[in-house]
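Take a look at these structures.
Two complexes, one shared chain (subunit A), two partners (subunit B, subunit C).
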Partner chain A sequence: MSARALTGSRRWLALAGCLVWFAFTLFPLYWAAVTSFKSPIGVVGGATYIPFVDFEPTMTAWYELFSGQRGGFYDTFTASMIVGLSASVAATAIGSMAAYALVRFTFRFRLLSALIFVVVAFGGFLLGRNVMGLGQGIALIYAFIAALALAVISSRFRLPGPELGNKDIVFWFVSQRMFPPIVAAFALYLMYTEVGKLGFKLVDSYIGLTFAYIAFSLPIVIWLMRDFFEALPVEVEEAAMVDNVPTWRIFFGIVLPMSKPGLIATFMITLAFVWNEFLFALFLTNSKWQTLPILVAGQNSQRGDEWWSISAAALVAIIPMMVMAGVLSRLMRSGLLLGAIK
Partner chain B sequence: MSQVRLEQITKSFGTVTVIPPLDLEIADREFVVLVGPSGCGKTTTLRMIAGLETASSGTVRIGDRDVTELRPGLRNCSMVFQNYALYPHMTVAENIGYGMKVRGTPKAEIDRAVTEAARVLNLGSYLARKPSALSGGQRQRVAIGRAIVRQPDVFLFDEPLSNLDAKLRVEMRTEIKLLHRRLQTTAVYVTHDQVEAMTMADRVVVMNQGRIEQAADPITLYEAPTNLFVAAFIGAPSMNFLEGRIERGESGLVFRGEGEVAVAIPAARSGPLAAVVDQPVVLGIRPEHTMTTDPDAPTVTLQVRDIEPLGPHTLALGKVGSASFTAQVPAHAPVAPENSISVPIDTSKMHFFLKSTGFAIR
Partner chain C sequence: MTRNDPIKHFFIWPALLIVLIISIFPLVYSLTTSFMSMRLVPPTPARFVGFGNYVELLSNPRFWHVAGTTTLIAFLSVGLQYVIGLSVALALNARVPGEGLFRFVFLLPMLVAPVAVALIARQVLNPTMGPLNEFMTFLGFPNLPFLTQTSWALGSIIVVEVWQWTPFVILMLLAGLQTLPEDVYEAAALENASAWQQFRDITFPMLLPVSVAVVFIRLIESYKIIDTVFVMTGGGPGISTETLTLFAYQEGFKKFNLGYTSALSFLFLIVITVIGMVYLAILRPYLEKHK
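Our next item is the complex of A and B:
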């Protein structure tokens, strides 16, 4: 039954329910907004709700935030922007290509090849580290290259054992989001420091943080985009194939424009994830590439619970995402596929 | 020269064989229609010619080239799909010209080709529109336009009209035929609609379970089906079948079937039938051949269940013995459901099939 069909008191009940939920979701935002205009005394002295009536608003928190007294606000904001945008763009781009390949092409490989990869990667690392006495970073790189090469070469031969396909690859991608992020964050930190010892600075660097975010966003991007691509009519691509359009042009010229709403939605979700991500940023940055969530949380630890400045910083962190969502949702017109097929 | 030759071609998906070894030769400039019930392998065969499916074994030749291993784009075919498969984000003009643009054709030449295609297909005033702003028939014309600017060796049509309404389908049928007559390009056309097949084809290939049952011109298919499947598939309403035996009577051969059916076989038709005396056979007679005015024609008794007045004549549907039977009767004939009528049989139009193999007895 549609809500429009409701009549009389039922209609009012539905409206009241909606309003309660509206207030419930909006109140935290309102609370943060008013708190950011309170003085320290106004915050601790009991709950006050309405500016000029309950309490006298002050700009102190905002002034402190923008003047840089509360940590390098502008640098942090810029770092968040750069890392967030570039990681989301890269993850969406790479992930869509992977998802398209997984939807339209059949991959087959033996479980044995995958096992060879795992065994050589781990074994090679231990061997390099403990027997040959290599540094951790070098051992890691050598072992990885050897494992990849052997796995690729072994897949050329007809190996015994069960065969894996596209579904297994997708599961492997998605499985990376099944363990707690702290596991990955900690491991990444260790790896980055080791690679840092080789001379490539990854901790607190643009490359390091962006790579971590790309890697951690890819599973979601692939999963989402796979669904969008699967919904596309394959005949449109087949028509282009018969017309001798190269695969890359089919992808960029036909598939991507057709899945624009999906791309935008996926980009938005990735951006939201990267923008709000706390754990990786905490582990992998310390000053230059700190992101906004760290700044917001930092307001808590420096001089006790300074809710007024936390609120101000949190509001600033929300605004760019709201603007993004507003702009992008306009581009997410549905009905792009209309007319392609019956 | 762009004849198409399929030599011992097969297709299996995993362990399921969809097409057992199949041979088909399509002459240059010929319009061949592959027809059959759904799942008979006709679309798979077409897609193997296009290269969208690779043959499990066998050879596909277009002209003098062996294209078996070639990817679709290099086979110089054009394909029109059942669901149009237009590029939804491009205008009609861009849709038609996209392939040329990708191949690096100069813009002036693309414009000329697009304009010409639009003129032929009556799409001139829609060139700037997106496919979503077109009707089904217009969309399919855009798809055909996209196919003709390619100047292909072979046109491939995969049930292009089955998404259109009945009236438009008849119009487009003629349009495609005229187009073929003008362009003189070899065409392979897949449909499940036997009327479409009969009306459009130079040669109809009737397929069933991946095999070719008969490949012949429409009239031969209608008049001389080689087996029960083709006989039942071609013609609407479809042929009636009565099971029985050929027996030797006093004045020649007689077909005797269930429900006291006894049809004397004229001497002219007796030759081949003499060889199958006392074997189970099937007599086939089309509904349109049950209206003979010959007073000597043998008759069968039809238990009428329903009548379908069509205007020029009426169909009486019912049973002869236990077999379903449709007879064509004059429009004002006094026939009503639950009646029994005596239906004359035009003995010159009878078909006989061996029950064991299904093959026609000739």
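Our next item is the complex of A and C:
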């Protein structure tokens, strides 16, 4: 029995509060589920709540969805699955490594190096595009490589100016999420089109979409994992270092297992973000790699307020996530037990 | 407590490179475009206008109105999300009966696509076919204009935001609560600290870093709200529920006024950065104090 467990009337008060929130949470989902079994007349005729009691359920909406009358359902579903899982696994892995580095190691560089990067990237791009007449794609690639190289080389020298550290890198990562997604999505579409002209197809491709999702999930992963890593006791790692365990083994063998609840929570948030993301999918895909939110939104725009089919499509987008949530909340509980033993 | 080891580069560069590659082009492109007058329909050649777009925006009352609406939605909904989320997380962490089921169900809204949420909300709030208005009529209220009158529409959007994103707060705070050391509470229980004292002096301060992070993320994300508003009210009635991103969308992809949209994005970026910095600056002393 944990010292934090509630007793007496408090316990019942907490339960009552949870039940209210439970009803509030579940009602819209229940409503969508019920609506998906209604006939068109049943929807328009006013609110009905319980199948078989106050309306006669039909399978019309589900039949239409699965038979592909409402857009390529199976392809969309598979695409969502593949992109969602691979992007969130990759983002969690890469982001956790970066977060760990930012918590445990010292990074120092001058503001001037960062400025060099920005100026060379901007200047090089404008120079390449407007003066040298290169295509946007080529100009960007050259400018990027030049800027990165110059910034890294310049950080070797002792430059004047303020020094930046780990906190600033974290803030930079997080600030990437501040940019309005509309413009980012549109600009990314332009960039992918330019790269496509060079022979690498990125628009409506697996790599293009997944890469964009990894990049836009990383800031959140880093920000969240950093807090979890900071909460870990550093003594365990120090003991391992005394025993000369290499850093990568400390990370994979000790740190990651210890932060399992955080990792699972972060993975789930990333997956939910990627699975439900709408704008990037809208701009960066057109047929083959279209994801479920596009399909759901399409139900509305193509046929108007056909609530039964919209509900069915929405549920298809929800159910895999529900299964995932069930599995992961199990895992989180086992992680909790591990934490209690420690 | 940081150390130095060459392997750190191997840990950080993959993330750094990916984010740099994806983020630099939108930044370069929109910053250069924001100083130009550029329209796609009808196609007009790009013309350098300096700060023209910015001046035009800042003197446009619609911009200020939209910024105000977005701020209202973001702050109210994030505030509610945090208060409710913290209460629920505390209850779940204290093993309220049925905790396993709650833990699962409370996560669900977060996992639903915002587009789908907004579509479902429109059904529930529908004046003639929706259950909510039928319930209200049953209680003796008139048919309420949930999506067609400004204050009701704003309220509905906020409630939908709270419905969808409180789970995120619950999830993060619960994970944070689980990492708190048990022995502190045992010591507090030995000294007969009341539940309230334990919360005020142990739980809340130790949870503060996670709380700050969660609220920060939610605040930034709330400012970008578009899908929900777009589907639920389309910014209406009039422009009374229009948000910044929706405004950018209207200008950029309805009117294809790219220069104006880019300038708007940069103002947007500045607004969020300022809010974020102020927020972190206000909270930093508290964070340092409890380290």
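We take it that the second predicted complex is superposed on the first by the 311 of 342 C-alpha atoms of A that agree within 3 Å, B and C clash if a C-alpha of one lies under 4 Å from a C-alpha of the other, contacts with A are read in each partner's own complex, and residues count from 1 in each chain.
We take it that contacts are C-beta pairs under 8 Å (C-beta built on N, C-alpha and C of every residue); 3 or more make two chains touch, one makes a residue touch a chain.
Remember, it's a predicted structure, so these values are computed and weren't measured experimentally.
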Which holds for A:Pro257: it touches subunit B only (first), subunit C only (second), both, or neither? first
In the overlay, work out which of subunit B or subunit C sits against more residues of subunit A. C
Quick check on the superposed pair: does A:Arg249 touch subunit B, subunit C, both, or neither? Answer first, second, both or neither. first
Report for A:Phe278: first if it touches subunit B alone, second if subunit C alone, otherwise both or neither. second
With both complexes overlaid on chain A, does A:Phe144 touch subunit B (first), subunit C (second), both or neither? second
What is the contact status of A:Glu235 with respect to subunit B (first) and subunit C (second): first, second, both, or neither? first
Tell me the contact category for A:Phe200 with respect to subunit B and subunit C: first, second, both or neither. neither
Doubly contacted residues of subunit A, that is, touched by subunit B and again by subunit C: 335-336, 339-340
Taking the complex as given, what residues does subunit B use to touch subunit A? 50-52, 71-75, 77-79, 81-89, 98-99, 102-103, 130-134, 136, 139, 143, 146, 150, 156, 163
Contacts from subunit A onto subunit B in the complex sit at residues 233, 235-236, 238-246, 249, 253-254, 257-258, 335-342
Subunit C-facing residues of subunit A, complex: 2-6, 10-11, 14-15, 17-18, 21-22, 24-29, 31-32, 35, 43-47, 49, 94-95, 97-98, 100-107, 121-122, 125-126, 140, 144, 148, 166, 169, 173-184, 186-188, 190-191, 211-212, 214-216, 218-220, 222-224, 227-228, 230-231, 234, 247-248, 251, 261-262, 265, 268-269, 272, 275-276, 278-279, 292-293, 296-297, 300, 305, 307, 310-311, 313-314, 317-318, 321-322, 324-326, 329, 332-333, 335-336, 339-340
Residue positions on subunit C within touch of subunit A in the complex are 1-5, 7-8, 10-12, 14-16, 18-32, 84, 87-88, 90-98, 100, 102-117, 119-124, 128-131, 134, 163, 167-168, 171-172, 175-176, 178-179, 182, 185-186, 188-189, 195, 198, 209-210, 213, 216-217, 220-221, 223-224, 226-227, 231, 244-245, 248-249, 252-253, 261-262, 264-265, 268-269, 272-273, 276
